[in-house]
Each structure stands twice: as C-alpha cells, then as structure tokens.
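So, here's a batch of structures to check.
Presented sequentially are two complexes of chain A, the first with chain B as partner and the second with chain C.
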Partner chain A sequence: MNAVVAGITYRAVLGRRRVLLLILLPLVLLGLAVLLRAVGSTDERAVVTLMQVYAIGTMLPLLGLIAGTGTIAPEIDDGTIMHLLSKPISRPVIAVTKFAVSASLLAVFAAVPTFVAGYLLLRGEAGIAAGFALGALIGGIAYSAVFLLLGVITRHAVTIGVVYAVVWESLVGGLVPGARNFSIQQWAQTFAGQLTSTDFFKPTVTMGFAVPAVLIVTIGAVVWAGQRLRVLSLTGDE
Partner chain B sequence: MNIELTQVSRWYGNVVAVNDVTMTIGPGVTGLLGPNGAGKSTLLHMMAGFLAPSTGTATLEGRPIWRNHQIYRSIGLVPEREAVYGFLTGWQFVLSSARLHRLPSPEDAAAKALAMVEMEGAKDRRIETYSKGMRQRVKVAAALVHEPQVLLLDEPFNGMDPRQRLHLMDLVTELGAAGRTILFSSHILEEVERVAQQIEVLVAGRHAASGDFREIRRRMTDRPHLFRVRSSDDRRLAAALIADASSGAVSLSEAGLEVQAVDFRRFTWLLPRVARDAGVTVWQLSPADEDLESVFSYLISRSTR
Partner chain C sequence: MSEAVPAPAPAQPIGVIHDIGYRHYEGARLGRGHAFAALTLHSLRGVFGLGRTARAKIMPFVLFGVMMLPAAVSIAAMALIQRQAMTYPSYAVVMQPVLAVFLAAQSPYLVAPDLRFRVLPLYLSRPIATADYVAAKLAAMAAALFLLIAVPLTTLYIGELLVDLPGPPHSGEYFAALATSVVFAVLLACAGVALASFTPRRGLGVAAVIAVYLLASAISGVLVGVFESISRDEAAAWAWLINPFFLVDAVQVWLFGTPPNNDGGYPPGVGGPVAAAGVLAIIALSVAALLLRYRKAASS
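== the complex of A and B ==
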C-alpha cells in the first residue's frame, strides 16, 4: 500500500464524472426502499427481492465495474499512469493499492447503502439488512479485484465487464444452475445467507465453495494485475 | 552513468520500429535526432523501462532496465504525452513525485525542482489550466525532483514558446555540464545542435549516424544537393555548368534545369560566375531536396553502404 498512490487514485476516481454513477446507483436503491416503505410492502419477501435483484444483482456489479476499472483503466488509456510507474515503487504495490481503493469505495457506495436500505424497511428483522450488507462487502472486494485486472489487461475492460455481469451472471447464471458456482453475485448471496434467517432466501452456492472461490479469485486477480503492471508497455503517440 | 543498448530491435507485429540499434549514452547531453516516426519514442521507452526490446538488451550501468523499478532511483523521465493529472496543482504534482521517491524532505525537493523550471508563480494552479509549455515544465520538475543521474526527455521542446525553450535548453545544458546523463529526442536539427554535444541520428528505426554536431552538420551539408534553376537560356547554362566538376549531373526539361551539385560550396560559388560569363540571366534558383526527410535518407543510404 502506498498513501500517495491511494490519494491520487481517490481524487482521480471521485473527480471524474463517473462519480455521479457511484452516487446515483445507491440513491436509486434508497429511493426504492423509501417507495416500498411508503406503499407498505415491507414484508420479507419484497425486501429480499429488492436486495437480490437490485442491490446484489444490478447495483453491485455495476459499481464494481465503475470503481474497479475506474481506478486504473483511464490512467493507462491517457498515459497519466506513467507518473506512478516511473517511480521506485514495486508495481504489485501499486496494484494492491488501487485494489484497496476500489474495495473501500464499494464498501461506502454499495455495502453501506445496502444496509441502510434494508434497515429502513425491516430494521434488524431476520438479519436481512446486515446479511446483504456483508454480501455486498465481500462481493465488492471480489469485483474490485476482477475488474482491476480487466482494466490492466485490456482496453475493453468495461465492455467485457458488462458482458460478464449481464450475460454470464444474470442470463447464464439464471438458466444454468452449474454456472452459478462461477458467479461473484452468487458468492455474495452465499455470504449474505450466513446472517439471514428468512424462508424467502436460500443461496444456491455453499460456503464450502464460496469462501475459497472468493479468496482465490481476489488474491489471484490482484497478484496477476501486479504482474501485468510490471510488464505494461506504454508507447508514445507514434 | 551509462545507458547501453546492445543490438536492440523492437517490432510490433510485422512492423519494425527499431532495427538492431547499438549505442551507449554517457554523461553530458545527447540528442536523439530523427524524423517523425523514426522510432525515437520507441527507443526512448526501451531506455525508460516502458517497453521490452524484442531482441537485444538495454541496461543502465550493467543492470537490466526492463522489469526493474529500482532504476527509477537514477532515472528521471519526461514523457512526450501531455497527459498529467489535471486535477492536481503543479505543486501537488511535483510533491507527489518527491513523496513517491520517498525523499527525506519532499517539500524542499519539490520547491527546488519547481524553482529550477521557473514555475513557482503558477504552482498553486491546477495543471488543467496550464499551457502546453507550462505542463512541460512541471513534468520536467517532477522528473528532476530526486536529482536523477539520468534524465530522458521525449520531444521536450514541443509546444514551448521561444523563451521557455531557451530556458529549458539552458537548464539541460547546465545539467549536462554537471555530469548528468541526458538524452532528449527531437526532429529539429537546430534544436539538437544547440544543446547536444553528442548526436545520435535515427532514421526508419536504424541508427544512421553518430557524432558531435560538427560531424553531423558536415555530413548533412557535404552531400549531393539537387537544385532547380530557371534562366533566360537553360541549355547554354547547362553546358557551362557540366563543364565544371562541382556538378555531377544536369538535366534539361520544360520546367527548367535540374542540377546535381556534388560539391555544395563550390557550386554555390560557381553558378553566378558561370551565368555571368555565359551571358545568361538566372531567374530562379531553388533547392529541390532541402527537407529533412531527404537529408535523413541520404544519411541512412551512406550508413548502410
């Protein structure tokens, strides 16, 4: 971890227009929670659906994409990353720092609003607020690592990320039960299930699979991103 | 400190950007001269550790440059691309550089570097409000903040106004005189001639010439020059010119005469005299190949011969 790299990265991500998306998506979640509360549908089933479909299923991967790629891809694109790379700092340290920045942003913009929305609707009932917040936190960590790696290895990180989140996780994961094992959202739901006690929510992936999967994917992606940064080739405008 | 390239080539797919270059860059100021697209940036990026040679080796004092972040303790790099963090002020940018180098007193180092490029006045403005020349100067300050033994600058004078250019040239000259190893790339001969003691010429990815500026200048003027001449009697003038050894070939066309002068000095001295003696009025005399490209292509044809 390097404080200077972290500081510059926070300013770069939060200073760009995409910060609006980081704010907008959780605002929609809170708005939906307020709406549900207003129309009186604060039963567990409705809240679990909101959490599964929007908080974990839509908001988390999109925020992950914005924060994960946003901490590095624009800098590689416009060459500003040279300022960090032309210093006697090991490249893996830069990768770990950028990952930590992204994960912390997701804790603030995904996990916290998820808890607040759940708490607005159900207070502490059935552990739903805390459970899904934990899921969003763990999912956010894994997404940060994967999307950071994508941002380092390809210039089409956002496109590939959207395809992964929409096509693989939502579509294939919805239709093919086996594919759910290889979906960060499903792992996030597994962690959420550890704290919840409701009949309306049963995660499909076991903890025995989700825990090592999250660890391997997160650590693997960050290490790989660090190695790819070591051999990052940058050329001039020629 | 020496940067050494040994039989370095770099290609992108089928395109060869740098072709079998061997050179040593030592203390003092070296200019890397070549037309646009000659591979100067590619070569500089290999010296700066941002590109791996496809074959050959690039080393700094015997240590490999590629995949070795420790070299940045000794290297300062000023990239050509303008992009810097626009949301930072000049001060924050240079200070961040000092901190990333873990200097004992980053504030002092940053202030000193900014003073060196005369940017104290604008240091508290965001970089996005800077002119191109000012951006260039903060980039130089950020690269100099740790007082590196080696400074690499990619087209550093581009976009600077004449006063800024002179100032940076003086700074580069001073640093070179102090024993630092400085390499800068440029496509302008006059620029390189003014600052560099040693000139390396790169044309189409090949190391075309190497020497001090007198040597390079001589090679560039002592080449066959092609002139177009229009006069009151082209044929008579042609006959008079070919009689002298300074003209290698003379051809006659509707558009006038084309003269290949093998001895530039003698030819320019001779032409008015020959014309006068022959009673011919010269209306127009223009060099046909004075552009840098043809000068460079001449150099490369000589170096491969």
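== the complex of A and C ==
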C-alpha cells in the first residue's frame, strides 16, 4: 500500500465524469427502494427481487467495471502510467494499492447503498439488508481484483468486462446451471445467503465452493496484475 | 550559428529557392455530399473493424456471428422437425443483450478518438458542417445495427423459403420485423452515439452505454416483477416500456399487430402511440444533445 499512489488514484477516479456513473447507479437503487415503499410492496419477495436483479445483478458488476478498470486503464491508455512505474515503488505494491482503492470505492458506492435500500424497505427483517450488503461487499472485492487485472492485460478491458458481466453472468448463467459456479454474482449471493433467513432466496452455489473461489480469484488476480505491471509495454493499437 | 562567428557580410545574397514539386489540386471538387458519403462509409467500415487492426475486428465479427446463430439453428429446426424455432418479430428482442453489447463496444469508436485527439477542426475545414459530421456518424451506426439485425432475418427468411414449410411463408412477419429493425437501428444508434460522445475516453464510453441499457432493463425487470406480484398488471405492462427494446417491440405490436414478445403484453389502447412517441422523443433528444455537444467541441 502506498498512500500517495492511493490519493492520486482516488482523485483520478472521483474527479472526472466517471464519478457521475458511480453516483447514478446507487441513486437509482435508492429511488427504486423509495418507489417500492410508495406503492406499498415492502414484502420480502419484492425486496429480494430488487436486491437480486438490481443491486447484485446489475449495479455491482457495473460499479466494479467502472471502478476496477477506472483505477488503472485510463493511465495506461494515456501512457501516464510511465510516470508512476518509473518511481521506486514495487509494481505489486502499485497493483495492491489500486485494488484497495477500487474495493473501498465499491464498499462505499455499492455495499452501503445496498444496506440503506434494504433497511429502508424492511428494517432488520430476515437479515436481508445486512446479508445483501455483505454479498455486495465481498462481490465488490472480487470484481475489483478481476477488472483491475483486465485493465492491466488489455486495452479493451471495459468491453471484455461488459461481455463477462452481461453475456456470461446473465445469459449463460441463466441457461446453463453449471456456469453459475463461475460467476462472481452467484458467489456474492452465497455470502448474502449466510445472513438471510427468508423463504424467497436460495443461493445456488454452496459456501464451500464460494469461499475458496473468492479467495483464489481475488488474490490470484491482484498478484497476476502486479506481475503484469512489471512487464507492461505501451505499444498500443490504434 | 552564423551569429556566433561574426563574419563579414557576404557580397551578394546566398538564399536559394528550391523547387520541391508542390502542385495545386486541379481535379474536380466533389463537394459536401461526397464528403458526407465518404465519412459515412469510412465510419461504417470502422464499426466492423475494416481498415483497422485485426484486434478491432474480433469483437464486431464475434457479435455478428452470435447474431447469426439463432437463424442457423432455426433453419436447421425447420428442416429437421418442420417447426420455426425463432419468429421474425422476436429476433431483435431475444437478442437484445448482443445488440446492446455491440452498440456499447462500437459507438465510442465512432466519436471518442476524434474528440480525444481534437481533430474535429480538420474535418470541419472541409466542406462538412457540424450537423453533417453528426449525421454521418449516426447514419454509419444505424446502418451497422440494421445490418446486424436484417442479415440474420433475411437469412432466416431465405431459409424458410428454401425449406418450404407446410402452409404459406411468414412474409408479413418478415417484412414487419424488417421495418421494425429500422426503428431499432435508428433509436439505438442515436442513443448510443449521443451517450458515447460525452466522454473522449473509449472505456468510459463503453461503460456509460452499457450502464444505461442495463439500468433501463433492470429497472423495468424489477418493477414488472414487483407489480405482477401485487397483481397490478396494468402498471406492469407500462413498466415493460422502460426497456428500450420492449419499447420498440410495443411499437411493432401497435403498427403490425405482431404478438408481443414479453410475458403479459403491453398496455392496450394508448400504449402503442405512447411507445411510438417515446421512441421519437428519445431520438430527438439524442440528436439535439449531439448537435449541442459538437457545437461546443468544434470550437475547442
């Protein structure tokens, strides 16, 4: 961890138009929660739908994409990453710092609003608010690591990330049950399931698979990103 | 160098004019229409990665291949079990994630590099106005999306004619779907290019376009689920229209009387005209935003 690098990264992510998207997505979640409250459907089933479809299924991967790639991809795109890499800071430390920044942003912009939306609708009922907030937190950590790695590996990180989030997790995961084992969303739901006690929510992946999967993916992606940064070349296409 | 060593002034000037062979362009000036057509064609080729690196071709052609898959499967199903696996009006609605990814991945390419490298004044020094530039980019994206929908539809139709199913061919449905694909293409192109033009960064542009699509589809999905669970079916029917693909589908249902492609249908009566008005409003808003954006960008 390097405080100066972290500070610069925070400024880069929060100081541009990127922050508009980071704010818009949780605002819509809170708006939907208020709307559900207004139409009087505050039963567990409606809230679980909101959490599964919107909070975990849409908002979390998008925020992960924006924050995860946003911490490093623009710098690589500009070539300004060279100023950072030429300083006597080890490259794995840079990768870990960028990952920590992205994960903390996701905790603020994804996990906290998820909890607030759940609490707004159900208070503490059935542990839904706390459960999905935990799921969003863990999922956010895993997404941060994966999208950071993508940002280091390829110039088309956002496009590939979109294909993963939309096509793999939604389409393939919806049609092929086995593919759900390899989806960060499903792991996040497994963690959410640990704290919830409602009949309307059954995670499909077991805890015994999700815990090692999250650990391996997160640590592996951050370490690999650090290694890739050591051999980064800026010969770009286009 | 000559100042460093004070030498006596030469008796006569030593300057030489070299003939470097500069020539004026004497050919015909093809004018604004031709420049517009050239920019449109260049942009359209670029959307599919033609004339760009091999890596830029992967994404559009993979997505094009995915769009063709249901047509191939459906032709096979018609030949083997004499049944349509995919109807024409449902094609674009079923394949909406693929179209959305294509739009998100390719529309920033059209606008972001020109903004980022500030080359807009170079375009505008030719007989092209700001509006022409915007129209060319929109036309290119709309044409690309139209190809992406119409080619599989037409393949499917040719397949149906060749397989010769019992009963008359679904020509009416085919032409309805083809007309609707024009609406899809124009709506998606306007919205996608307008969103992408607000940032000079390609990555953020991709994220912005896909975020808006996923937002719309998730909001629509959540509201439909909730309204149906408390049996307010009419509100649920309206909530479908938040997703742009179902919005266009509602227009298709209204104009051509095709069966709706969602569960539960669209609001009856005014639903169709309202959906059509919504489509036109989104197009008008996007074009206005683009023109404003480029008026500012052209002067910078």
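Just so it is clear, the second predicted complex is superposed on the first by the 234 of 238 C-alpha atoms of A that agree within 3 Å, B and C clash if a C-alpha of one lies under 4 Å from a C-alpha of the other, contacts with A are read in each partner's own complex, and residues count from 1 in each chain.
Going forward, contacts are C-beta pairs under 8 Å (C-beta built on N, C-alpha and C of every residue); 3 or more make two chains touch, one makes a residue touch a chain.
Keep in mind that what you see is a predicted model, and the values were worked out from it rather than measured.
**Q** Counting only touches as set out at the top, which of chain B and chain C does A:R91 meet: first, second, both, neither?
**A** first
**Q** Taking the superposition on A as described, I'd like to know which of chain B and chain C A:H156 touches: first, second, both or neither.
**A** After superposition on chain A, A:H156 lies in contact with chain C alone.
**Q** For A:L215, select first, second, both or neither according to whether it touches chain B, chain C, the two together, or no partner.
**A** neither
**Q** Applying the document's definition of touch, where does A:V176 land relative to chain B and chain C: first, second, both, or neither?
**A** neither
**Q** Go through the superposed model and pick first if A:R11 touches only chain B, second if only chain C, both, or neither.
**A** A:R11 contacts chain B only, not chain C.
**Q** Looking at the overlay, does A:L27 come into contact with chain B only (first), chain C only (second), both, or neither?
**A** neither
**Q** Using the superposition on chain A described above, determine whether A:T80 touches chain B (first), chain C (second), both, or neither.
**A** In the superposed model, A:T80 contacts chain B only, not chain C.
**Q** Quick one: name whichever of chain B and chain C touches more residues of chain A.
**A** Ranking chain B and chain C by residues of chain A touched puts C first.
**Q** Using the superposition on chain A as set up above, list the residues of chain A that contact both chain B and chain C.
**A** 237-238
**Q** Quick one: which bits of chain A touch chain C in the complex? Just the residue numbers, please.
**A** 16-18, 21, 24-25, 28, 32, 35-36, 39-41, 43, 45-46, 49-50, 53-54, 57-59, 62, 65-66, 69-70, 73-74, 77, 156-159, 162-163, 166-167, 170-171, 237-238
**Q** Contact residues on chain B for chain A in the complex?
**A** 17, 36-37, 39-42, 44-45, 48-52, 67, 69-73, 75, 77, 79-81, 83-85, 87-88, 93, 96-97, 99-102, 142-143, 154
**Q** Could you please specify the touching residues of chain A with respect to chain B in the complex?
**A** That would be residues 2-5, 7-8, 11-12, 15, 78-80, 82-91, 230-238 of chain A.
**Q** Under the touch definition given earlier, write down the residues of chain C that touch chain A in their complex.
**A** Within the complex, chain C contacts chain A at residues 52-53, 55-56, 59, 97-98, 100-101, 104-105, 113, 198-199, 201-204, 206-208, 210-211, 214-215, 217-219, 221-223, 225-227, 229-230, 232.
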